[in-house]
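You will see two complexes here that share subunit A, one where it goes with subunit B and one where it goes with subunit C.
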Partner chain A sequence: MRTIFSLKSEVVLCFIFFLSISESFAQQQNAGELHGNFQLDAQYYNKDSLIGAPVVPEKVLTNGFMNLWYTRGAFSAGIRYESYLNVMQGFDPRYRGTGVPFRFASYQNEQLEATVGNFYEQFGGGLILRAYEERGLGYDNAFEGVRVRYQPVKGLYLKGLIARQRTFFSLSPGIVRGFDGEINFNELISSLADKKTAVIIGGSIVSRFQTDQDPIYNLPENVGAFEGRMNIIRGKFNLLAEYGYKYNDPNATNGFIYKEGQALSITSTYSTKGFGLLLAAKRLDNFDFRSDRTAAGIGANINFLPALTRQHTYNLPATIYPYATQPNGEMGFQAEMTYKIKKGSKLGGKYGTEVTVNFSGTNGIIKRSVDNDTLGYSSPFLKASKEMFFRDFHIEIHKKINANLKVNLMYLNWVYNKDVVQGLAGFGTIYANMGVLDISYKLAKRHTIRLETQALFTKQDMGSWAMALLEYTFSPSWFVAVLDQYNYGNSNETLRIHYVTGNTGYNYKGNRIMLQYGRQRAGIFCVGGVCRNVPASNGLSISILSSF
Partner chain B sequence: MKIKLLTAITATIILLNGCDKIEGPYGNAAGNNQNSGDTSETILRKILVEDFTGHTCGNCPRAAESLGQIENLYGDQIVAIAIHAGFFAEPTGAFFSEDYRTSVGNDLDQAFGNSAAGLPNGLINRKEYDGQSIIQHTDWASKTSEWINLPPDLVIRTVPQYNPATRELEISVNTTILQNIEESLNIVYYLTEDSIQSAQKDYSLAAQYEPNYYHRHVLRGSMNGAWGNVLGEGIGYTANQELNSNASFTIPSTWNASKIAVVTIVYKTGNKEVIQAEETKIQ
Partner chain C sequence: MKILTLSLLLLVSFSKAQVIDNKRPMPAVDLKSLEGAVVNTSTFDNNDAPIVISFWATWCKPCVTELTNIAEVYEEWQKETGVKIIAISIDDARNQSKVAPFVNGKGWDYEVYLDPNADLKRAMNVNLVPHTFLLDKDNQIVWQHNSYAEGDEEHLFELIKKLVAGQEVSEK
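What follows is the complex of A and B.
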C-alpha cells in the first residue's frame, strides 16, 4: 500500500527538480518566482489537575508546516511539508510524525488548466464536492490525482477530476470521480451581455468507488451523486438555489442504511446602500458523503455542508455552544437584515449607526419507519420535525461615537440541543442569553486600547460564564492582551474556575510572533459516532508565522 | 466541432462516473465459517480483533455489536480482546466506579493511539492499512475478511493448568512453524475475562446507560508484559520447527476464574503485525 511516508524519494526528486529549474533559469531573465509561508505552533504543557489537564509526557508538542510555491509563466508547482512532533492537544492524533502530504504541478493556458498531484476544488456551493484546508481545526481533505479545467468557449466552464483524498498522512480508500459544468449565459451569448438580468446555471456529478469486502452486507461499490444549481442576479437582487441527490450510500455515519440522500439550499439577498436583507433555507437528509464509507469523525468528507447560521467571532458565542451541521437530517432557515441609520439623524449621530438583526434556526426532519429497515426511513420533503436543534437570535449595533471611540454591542438568545449537536446524551437542550460589549479607544496615533466584556447566562449544563478581554495595540508591530473566562455559574463550586490567558504578539514585515500563557477549557466532541475528549490544557504556547 | 467535443466530454463523464443501485438482497449469504461442526483439528489462521472501549463511551456498544456479528460469522477464527483505555474508561461517579484499565492496555493504547483518536475503534491483527492501524468498527468485518482464508504461518497450542485452591495458573505453549519465516517473532500471553457485568453508557437507550451490561473479552493483564518475549532465538524460523515456552501467573481473587482465558498471540517483532492468535479458557 502506498503511503505518503514512502514518497520520500519523490520529494527528494521534487527538490532536485526545483533546484534544477532555478539553476537553469538563473542565467535567464525570467527565472520564475518562489513564494511560500511557514508556521510553527508549540506549547509547553503544565500540570493542572483542577481543570483536568492530562500529563503530557513530551512536555512540549508542536505543529509546523511550510508551503513552497513556484510559478513560472503558465507553469506552477509546489509542496507543503508538515511536522507534528508530537501533535498538539486538541488536534486529531492521527496527525503523527512528519511528511510531505501536499505536492502538485500545474500548467495553464488560455483554455485549459491541468493539475497533477494535490489540489483543492469546489463544485458549485460544495453540496456534493468540496476539498479545502482549515489549519486551525486540523482539517484537510485535499485531493490527490488529476484535475482538468477547460473553457471551450467564453461562458462555458468545465471541470473534471479523478483522485483520492488525504486523510491525515495517508489516502482514504475510495476513488472520487467528478465532473462539473457551468454556463454563464450573459458571457456565452453576446446579445445577453448587456442585459440587466444575469443567469448562471451549473451541475455536477460525483461518484465514489470503494471495493466491497464486507462479508455481512452487500454494499454498493460505486456511489453516485449529482447536483444542479442556478444563480439569478438582477440589480440588487441575487437568488442562488442548489439541489443535490445521492444514491444509496450505506455508511458508518448513517448507520448503513440504503436510503437515498437529498439536499436543498436556497439563498436570496437584496442589498442597497445602507440596507441589506438575506433570506436562506436549507434541507439535508442523509447527505454525509465520504470517500471512505467506514470513516467516522472528521476526515474523508467529499462534500461540504456548512451550518446555516452566522459564524460568530466573539469568544463565548463562537466557542461554548457553536452549532454543527447534522448531515443525517436537518431543516433550517436564516434571515438577516442590516441597516445603517443615516449620519446626522438622532440615532445615527455624526458617523451613522449600523444595526444587524439575525435569526436562524434548525430543526430535525421527520423520519417515519418503513417496512424494510435496511432502507432506514421515509421523510416528507417539506416538513421539519418538532425537535429543535438550534436557534440563534441576535442584534448587533455598531457605532462610532467620535474619531477615537468605537462601540459594538450585541445581544444573543440561543437554544442549543447539546445531545444532538455534540452527539452526546443526557445533557438535553440549553437555553442561553448572551451579551457582548466591545469598546475600542484610540489613545493616540497608532495606540489603541480595546475592552471586550461578554456574559452567557444559562441554568443548564455548566451554568453561566463571564469573560473580559483587555487588549492594547501599538500598530503595526505590537499587541498585548489579557483574557479571563470565568465559569461563575457552575453548579459544582469547585468548577467555578477562571481560565486566564495572556497574549502578546509582534509583527514585522512578513513575520509574526505570538506568545500565549494560560488555561484552555476541555470538551467532549462526537462526530459521526466517534467521541473524542479534547482535554483542558495549561501552558505556554508560541506561534511563529512567516510568509515570503 | 463543438458538438463533437461536447459529445466526447459527455461520453467521458458517463465513463468516469458510475453508480450501483442495490435493490436487495442487502445482506450477503451465510458466512464461510469453515470450522463449524468440525471436531478434528483443522489448523486455521485466527485473527486478533482488539476493541478499544470505555464504560462511559456511549457509542462503544455499537462496536461490541459489530464484533459480535463478526464472531457469529467466523466463529473460532476470531480472537477478541476489549481494551478499556483512555478518558472514557476512567472510573467516574457511582455507576461507573469500576476500573477496567490495565497497564498493559494503557501501553497498547499509547503505542497505537486508539483512545486519543476517539472511541470506539480497534485494531485488526495490528496491521497498518493505508498507513492507519486504527480501524473503525464499521470496517472490522471487511478487514477481517481479508485474512480469513489466508493459510496460517504457524499454529499455537496452549495447555493451561489452573489450581483453583492456590489460583495459580501455569501454561505451556507449543508453537509449530508451518512455513519458513525469515523475520523475528514475539509471543505474548494476555489474560481476558469474559462477561463482566457492570454499567455501560449507551446513547441508543432511553436511559442513556445499561446498569447491567456484559463487558465481553475484557483485557485483564498479561503473563509477560504488553509486548511479550521474542519467540525462540528471533533469527527466523523453518517449517516444522517447534518452539516450547511456558509462563505462570496467580489469578487475583477478584477475577472470575471460570471466565478467564489466555489469549496467546504471535506477532512480527518489526512491524507488530499479528500472524496468529489462540484463545484458551483456563478452566
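What follows is the complex of A and C.
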C-alpha cells in the first residue's frame, strides 16, 4: 500500500504544470477558467466530563480543503489539497496530516470522455459500484486510475474503468475493473422517439482483484459482480428495477463465508400535478462489496446501499434513531404519498395545504444453516424473517396560513432495533413517538423569525427528549440561532442535560462563514445519505466556505 | 515541502484572480432528465433571457422552501423578465425516484434534472445545497449565492431585472 505522502514531487509538478498552462493562455482570448471551492472547519474544545467529551490535547483541531479546477475547451484538470491538523473529533483518525489525494486530467468531446487520475463514478443506482464524496462526513472512496465514457451513437452509453480506491490517505489494495452499458431505446431508434413509453435498460460487470496471502484459506483473488436494470416510463408512471449478483466473496464483514450475494430493488412511482405516490421494495443478502476484503466499518466500499427510508432533516428524527442499511441481510419496503389540497377548498385555504404520509419498514432475512459451513447459510429469496429492524410511520402537513406565516407539523411513530442497527447487545428494540412543530413568521421584508419545537417520547434507552430552535434570518446575508436539546426523560438524573448551542452565520455570494458555541450531543449525524457517529463535544467552532 | 505546496496554491489562486473574477461559462456536463434521457448542460437555452440554476435535494429543507417560494412568483417573474429556472437535484439513489413525484406533488413548473454522480455539482464547485447561480443570455455565470433565507428570492429577482436591463449584476 503506497501512501500519498510520498507524492510531493508529483504534486509540485502538477502545480507547475497548472501555472504554465494558465500563464501561456493568460494573454490569449480564451485563457480558460480557473475556479474552485474552499472549506475550513476548526473547533476549540472545552473539557466537559458530564457528557463524556474526550480530552483533546491539541485544544484546537481543524479540517480543511481546497478544490482548484482548470477548464479550457475540451480539456479540464484539477486538484484537491486536504489538511487535517489534527483531524476533528468524529472523523476517522486515519485522516492524518496533509496531502493532495485528489488530482485528475480529463479530455472530453461529443462522443468520448477520458479521465486519468482521480474520479467519482456510479453504475446504475450504485448497487455494485459507486464512488462518491461526502466531505462533511469525511467520506470519500474516489477511484484512482483510468476511466473512459463513450457514446458511439445517441442512446447508447458505455463506461469502463480500471482503478484503485482511496481509503483516507492511502489506496486500498484491491484493483477494481468495471464496465457499464446503458441503452435508451427511444433515443437509439428514431421511430420510437415520439412513443409515449420510454424504455431504458442497462447492465454492468465489476471485478475486484486482491492477492490471497492467507495461510489457511484459499480465498478467491478475483471476485466478480454483475448488475442489470430496467426503467420503464409511461406518462405519469415510472418503474425502476435493479438486480445485483456477487460471486463468492469471503470478507471481514460476512465472517469469511463463500456464499454468493444478491440484491434486488424495485421502485414504482405515479405522479400528477398535486399528487405523488411511491412504492418501493428492496432485498439485500450478503452484499457488502469492498476493494479490500479485510476492511470493516467505513472504507474501501465499492458499492452503495442506501437505506430505504425517508431521509429526515428535523434534528431528533435525523440524529437519535436513524436507520442504517444492513448489507448482510435485510428486506424492506417504503410507501409515500404526497398530496396538495387545492387552493380555495375548505382544508386548502387560500394557499393550499401539502400533506405527506410515509411508511417504511425493514426486517431481517431468514438464514438457515447448511451442511457445508463455508457457505455460511442459505436464504429463501422472497421471504423476510420476523425480526424487525426498523419501522417509520409519519405524517407531515405543511400549510401557509397567510403571506407571512407558515406552519409545518409532523408526527412520527418509530420502532428501532438498536442492537442490530448499531451492532450492540442488550439494548433491545426501542419504541418512540415524535412530534415536530415548525413555525416561520416574516416580521418585515427580508426579516424572518422561525421557531422549531420537537419532542421524542420513549421509556427506553436514554428516555425522552425535547428540543427547541429559534432562528432569525436577515436576507440575504445574516442568520443567528439558538438551539437547546434537553434529555429530560433520562432515568439517570445527572444525565438530564441541556445541550445548548448558539450559531451565527454570514453569507456573501459564494462565501459563507459560521460560528457555533456550545455543547454538542453525541449521536449519529446524517447528511446526504451517509451517517457517522459524532462524539459529544463542547466548545467553539468556526466554518468558512467559499466557492469561486 | 508542505509550505512550498501551500504557497504555490496561494500563488495560483491570487495571481489568477483575474481569471476567477471574470464571469465564466456554464460547464458542459451530462445530466439525466426525469424521463431518463441524457441532457448536456451545453444545450440549456432560454432565447437570450437569463437562466437561474438552483442546486437542491428532496431532503434539504431550505432548498425546498426556496423553490416553493419562487414557485409562487414564477409566473410573474417569467412575464416580466422571461427568466427560466432550472432545478438540479443532487439526490442520490436513495431519493432519486422521489424527485418526480415530489416535484409534481408540489406543482412546480421548473425544468428539473438529476445529477446523481454529482458531476455538475463538482464542476460548479458547490459545497453545500442550496446553491444558486445566475446565467446571462450567453450562459455565462454572473452571480452565485449559497444558502437560503426567506426573502432571498426578492434579491435574486432584482439581479435578474438588472441583467435583463443590460446592467452589471456584480456586487463587488
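Note that in this section the second predicted complex is superposed on the first by the 535 of 548 C-alpha atoms of A that agree within 3 Å, B and C clash if a C-alpha of one lies under 4 Å from a C-alpha of the other, contacts with A are read in each partner's own complex, and residues count from 1 in each chain.
Here, a contact is a pair of C-beta atoms (placed from the backbone, for glycine too) under 8 Å apart; a residue touches a chain by one contact, two chains touch by 3 or more.
Values in this document were obtained by computation on a predicted structure and should not be read as measured data.
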Tell me which partner A:Ala296 touches in the superposition: subunit B (first), subunit C (second), both or neither.
first
Applying the document's definition of touch, where does A:Phe381 land relative to subunit B and subunit C: first, second, both, or neither?
neither
Given the touch rule stated above, what does A:Tyr411 touch, subunit B (first), subunit C (second), both, or neither?
neither
Which touches a greater number of subunit A residues, subunit B or subunit C?
C
When the two structures are overlaid on chain A, which partner does A:Tyr488 contact: first (subunit B), second (subunit C), both, or neither?
neither
Common ground on subunit A, meaning residues reached by subunit C in one complex and by subunit B in the other
529
Okay, in this complex, where on subunit C does subunit A touch?
1-2, 4-6, 8-9, 11-13, 16, 19-20, 24-25, 27-28, 35-38, 57-61, 90, 92-98, 100-107, 116-119, 122-128, 131, 143-147, 149-152, 154-155, 171
In the complex, subunit A touches subunit C at residues 8, 11-12, 15-16, 18-19, 22, 26, 31-37, 39, 66-69, 71, 81, 98, 100, 108, 120-122, 125-127, 130, 132-133, 135-136, 157, 184, 186-187, 198, 200, 231, 233, 236, 238, 240, 267, 269-278, 280, 304, 306-308, 311-313, 336, 338-340, 354, 356, 440, 442, 445-448, 473-476, 479, 505, 507-512, 528-529, 545-548
For subunit A, which residues are in contact with subunit B within the complex?
1, 3-5, 92-94, 96, 152-153, 158, 160, 162, 167-173, 177-179, 205-207, 209, 212-224, 247-248, 250-252, 256, 258, 293-297, 372, 374, 423-426, 526, 529-533, 535
Mind pulling up the subunit B residues that touch subunit A in the complex?
2, 5, 9, 12-13, 16-22, 24-28, 31-32, 57-59, 62, 69-70, 73-74, 86-88, 113, 116-121, 128-132, 134-136, 138-139, 141-146, 148, 201, 203, 208
